[in-house]
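Here it is: the structure, laid out below.
First chain written, first letter: the chains are A, B, C and D, and each begins at residue 1.
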Amino acid sequence: MKINFFAIGGTIDKVYFDALSQYHVGSPAIETILKDARVNFEYEITSLLKKDSLDMTPTDRKSILEAISNDPAQFIVITHGTDTMVETAISLKPIKNKTIVLTGAMEPAKFKSSDAAFNLGSAIAAVQTLPPGVYIAMSGRIFDPEKVSKNREDKQFQDK
Amino acid sequence: MKINFFAIGGTIDKVYFDALSQYHVGSPAIETILKDARVNFEYEITSLLKKDSLDMTPTDRKSILEAISNDPAQFIVITHGTDTMVETAISLKPIKNKTIVLTGAMEPAKFKSSDAAFNLGSAIAAVQTLPPGVYIAMSGRIFDPEKVSKNREDKQFQDK
Amino acid sequence: MKINFFAIGGTIDKVYFDALSQYHVGSPAIETILKDARVNFEYEITSLLKKDSLDMTPTDRKSILEAISNDPAQFIVITHGTDTMVETAISLKPIKNKTIVLTGAMEPAKFKSSDAAFNLGSAIAAVQTLPPGVYIAMSGRIFDPEKVSKNREDKQFQDK
Amino acid sequence: MKINFFAIGGTIDKVYFDALSQYHVGSPAIETILKDARVNFEYEITSLLKKDSLDMTPTDRKSILEAISNDPAQFIVITHGTDTMVETAISLKPIKNKTIVLTGAMEPAKFKSSDAAFNLGSAIAAVQTLPPGVYIAMSGRIFDPEKVSKNREDKQFQDK
């Protein structure tokens, strides 16, 4: 089994400096999490964008669609900012014959109480058990991107 | 969706005191992990045994089989020591019509670099996407219990 | 021995929400750290301000000076943002007959790799071993506020 | 300022494998903690013993006394198991003209809620502010080794 990972910024990769520099998007958190979990499968990690998902443009989404369409892997996991994860997921629907799972985190992976490792574990299980299609793995659930939205107050993905 | 969790000891729940008292099995780690992940499903957690999995007897396994058979939930996740997880998984095969996923951790959940949250996320995704049966979610893979064994040196579950 | 703690915002208490809400100052980190350390002395924690230290005004500093002058404790530890810690420390110099130590963190206490617990441990040892005066405990050193400055690039307090 | 560190085993350096291998003493935790704290002083770390402090013999203590007596540094910090820290501290009393501070941890440094970084920060502040002598920095206090004992139940060092 081989899984290809694409890191497209978002809270999961946020690091913190200080009040003058604020946070910014750091190296993909995926690598550390996969090492700590000692995963037993092949993988590659590609860092596509280091942006806040709120700043993503239609051009960004087009280049993501292209990059993933051209990727040879059958199993794709994408880490993405939570605010526009649904939008990006829907924009990937034209891709057939691949199982694609998007996930992210409400708290940076570097936090002690982050949901990053849990969510990534969840996305990795989903990508290998589900038929081709595009899914969102957040809040312990596997969602159809058309039927989910982020509830900012509850910090939870919920049925729409 | 409702998932019932059973904590059956193991490294995932280990806490540490000191050289005189050594480690012992503490409260289920499941609760903290589910709260940090802000999961969006109903659940119950039952602490069945607080033993090292190496000390489990056939009587222990019989009472686990009974408890889970009698549980009304369709989706069951079990946290278990890694050394005899495969054995317990196989002993649960008589249960039909439920999806049962066993998981655990190589490092206590209280460690900064623990695989516990990753593995639990993985088990929770698997339990809701797979048909009835008994599975093991470890090392980022979903295994048939008959076809997997723990490699102690690599700290990894591998194809047998 | 009794130590009175004053939390005056800063990175040490930063929590993270998401791209729309950014970081903000949460509850004092001091409490969790003192509990984890199971400290053997009496203490009180007062949250004076929840501001970024860059936004502190002369009026803020005047009210801090007043609050601490009026506090009955002999030993005072202040957690403060690192960018203007030196300035606040110097503004407290008029207080005689108390040992006052300022500390803070380069990374929020909630981060796995935060320097918060280390720095607080350092400030607490300093406050009980030093004669009356105002000190800064950062980067593993105890500084005279007149002779130290923050090097933003090295994320370190250094001799001026 | 230069501080020489000696790691003499104990809980602070415990790592965990699994039920068959139990906990054992790993690499000194000091290094990671000093890096996370970005300390601004010179240092060397020597790993003297990787033993549980309960297993230390009079011969072990004699060789520790020798190693530290012969060390050129003025400031010495020792990480040590908590169960016999007091005993080792007293055995170092013949050393004059050095400030020596012993510390350790109730929970391994690798735990999220460990007291290791706090205690080490505390020892480092004490070693640079106190006159020559042997001290114990635990539970947020600086103790004379003759006047302190470990309370196992409270997991705290307390006045004797």
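Keep in mind that, in the parts below, a residue touches a chain if its C-beta (ideal position, glycine included) is under 8 Å from a C-beta of that chain, and two chains touch if they have at least 3 such contacts.
By chain, UniProt protein names: A, B, C, D = L-asparaginase.
Because the structure is a prediction, the values reported are computed rather than measured.
Participant: Please flag the chain sitting at the greatest distance from subunit C (L-asparaginase), going by CA centroids.
Facilitator: B
Participant: Round to the nearest whole Å and give the separation of the Cα centres of subunit A (L-asparaginase) and subunit C (L-asparaginase).
Facilitator: 37
Participant: Distance-wise, how many Å sit between the C-alpha centres of subunit C (L-asparaginase) and subunit D (L-asparaginase), to the nearest whole number?
Facilitator: The mean C-alpha positions of subunit C (L-asparaginase) and subunit D (L-asparaginase) differ by 25 Å.
Participant: Going by the touch rule set out above, which residues of subunit C (L-asparaginase) reach two or more other chains?
Facilitator: Correct list: 106, 112-113, 155.
Participant: So that we know how the chains sit together, what is the shape of their touch graph: line, ring, star, complete or other?
Facilitator: Topology of touching chains reads as a ring, each chain with two neighbours.
Participant: Name, in rising order, each residue of subunit D (L-asparaginase) that touches subunit C (L-asparaginase) in their complex.
Facilitator: Residues 1, 33-34, 36-41, 106, 112-115, 117-126, 128-130, 137, 139-142, 154-158.
Participant: Given the complex with subunit C (L-asparaginase), which residues does subunit A (L-asparaginase) contribute to the contact?
Facilitator: Subunit A (L-asparaginase) reaches subunit C (L-asparaginase) through residues 11, 14, 16-23, 52-54, 81-83, 106-108, 110-113, 152, 155.
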